[in-house]
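Presented below are the structures under discussion, each in the form of structure tokens.
Look for subunit A in each of the two complexes below; its partner is subunit B in the first and subunit C in the second.
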Partner chain A sequence: MPSNKPSAKNRTRAVEARFKVGDRVRVKDLPNLFYSRTQMYVRGAVGTIAALTYQDVLPEDEAFNRDGRLEQYYIVRFRQKDLWPEYPFENDSLQTESPERWLEPVDS
Partner chain B sequence: MAVRDELRQQLELIGAIQPALHLPQNWNYEVDSALFKAYLHPPHDVGGQFDAPGVYEEKEEEQWELNTYVTCEVLGWRGIWNSEERRRRADNDLGYTLYLGIPYYGRWILAAARMLVDKNHVSLTELIEKIAEVKARYAKQ
Partner chain C sequence: MSHTHSPGDGGGDHPAAPMVEEITDFEVLEIAVRELAIEHGLFTAEDHRRFTEWAESIGPAAGSRLVAKAWTDPAFKKRLLEDAVKACKEIGIDWAEPTGFGTPSDYMNLRVLEDTPTLHHVIVCTLCSCYPRPLLGMSPEWYRTTNYRRRLVRWPRQVLAEFGLILPPEVEIRVEDSNQKCRFMVLPMRPEGTENWTEEQLAAIVTRDCMIGVALPRPGRTADVHPVQKARRPVQRS
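What follows is the complex of A and B.
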């Protein structure tokens, strides 16, 4: 049974980050089952990597107290118009954070 | 005891707070995939949803809310749960009726109690008896 108390020794670093700043990515629409931190309004949308933040366990696992492999987190920037078609301003953007598992590359 | 008088009122209230789905349903034999996906949507993912009309007010934390916050943080500090687990239990696992119906820190304290029972840090009997004892003490004052 996994320990209740996360400890560094149970964690392994992720392999090298898959994306770099400026890469175009699409947010996956994985099934919702019991818990998720990936907002519905960004799923399927294409955005740009704005920053690499840190490595951490996945929310869906941490929520059930699982420890384990660390994954790279990113700040992803979207055009508001890509998220909400009726949004009135062209240049506004929205940034949100996502672990690597929820992102897939977009060929530009 | 006013227990029996309260019962009728409780039954009416419980009926009134069932989630309004605007669809007839009761143990459906078949659920199409769109509806199934909607059922499994995590309640805390509210971004982009249509808002219910409401009046927003500035409000300071009350003492019980601060106590709840500290209690939940201490439980985290002691390694009993982590903040993601707290979020999962307090935002998702309580379900839509409680998520939408009770105050923010009300969800936290219910989730903390449930977690302590789930993890056998306290038995449910012990907890129920303690709540009854405290309620009786307050009633005397």
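What follows is the complex of A and C.
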């Protein structure tokens, strides 16, 4: 059975999380040529950290079986109005998960 | 077999179309990788058959029991919201099975999303079909369609309405896109009219759709029956 467990030696060290629950973050629009799990519809959007989930390697590395460093993953909450400007309902929201590398802090 | 043709439709014989099994690139890839793995002795064809049959035999019953228990046992609900994988063990579902660290695509991260009078959750995986399979079994076919995946994030209220679920604008709809390694399940609100019900009675109304978030549990609703939209201009048989 193939393993999804962090197996390589340098994957096991815990890293310090850069963000905490409530922090405002923007999803970066990094180039990616091959595999990514950062959806186009959240790129550039500003949201709020809703939870810290686990630490793991980046999907962009893992997809090609490359060892990478562990990163903190977050659940980020967006207002639907911030994702789709003409969205008609004020309160609705959307959450998605993201590794730290794809997030940057937003001031104020 | 006999056909009746109306004038002007071309007429002539219509030979039966050859039966072609449609197969996607990913299915071809899966077969190739599986056969390589068997050839190299990573597992046997028999292992693969048994695992597939086991995976396909899991239904949503465990999820229903989990919700019913959370409704009747506040301490259990608290544990469930804090560490869902651990709480699953209490009802006999071990996310580590059968490998010791989960199945290759279910991982070990489950979060239960609690609905409130002002917040309703609904889950989707816009990338593919991520789904809490140890609890709910295989996802329904519609959950995996691009139609559901791309429209739910963009027009959640319209998609829910197509399932027959219309919520007032004051209720926040929160779409959960499970695009990484967390899996999600909705903990719906216990409906009125279920006071003094047993856990078994409660579990019977917690259907798969209620735990995805496209339906709400209510007394008497024990199956996921979707409204049938009749064609406006059905094919006329001549």
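Basically, the second predicted complex is superposed on the first by the 98 of 108 C-alpha atoms of A that agree within 3 Å, B and C clash if a C-alpha of one lies under 4 Å from a C-alpha of the other, contacts with A are read in each partner's own complex, and residues count from 1 in each chain.
Definition applied: a contact is a pair of C-beta atoms (placed from the backbone, for glycine too) under 8 Å apart; a residue touches a chain by one contact, two chains touch by 3 or more.
Everything numeric here is computed off the predicted structure, so don't read it as measured data.
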First, second, both or neither for A:Q39, with subunit B first and subunit C second: both
Touched partner set for A:P31, first subunit B, second subunit C, both or neither: first
Partner touching more residues of subunit A, whether subunit B or subunit C: C
Partner chain in contact with A:T53 - subunit B first, subunit C second, else both or neither: second
Which of subunit B and subunit C A:F64 touches, first, second, both or neither: first
Set intersection of subunit A contacts, subunit C complex versus subunit B complex: 4-5, 39, 41, 59, 83-84
Contacting residues of subunit B [partner subunit A, same complex]: 37, 40-42, 45, 47-48, 79-82, 84-85, 87-88, 92-93, 119
Residues on subunit C engaged by subunit A in the complex (per definition of touch): 42-43, 98-99, 101-102, 104-105, 107, 109, 111, 126-127, 153-154, 156-157, 169-182
In the complex, subunit A residues that touch subunit C: 1-5, 37, 39, 41, 51, 53-54, 56, 59, 73, 75, 77, 80, 83-84, 89-99
Of subunit A, residues touching subunit B in the complex: 4-6, 31-36, 39-41, 59, 62-65, 83-84
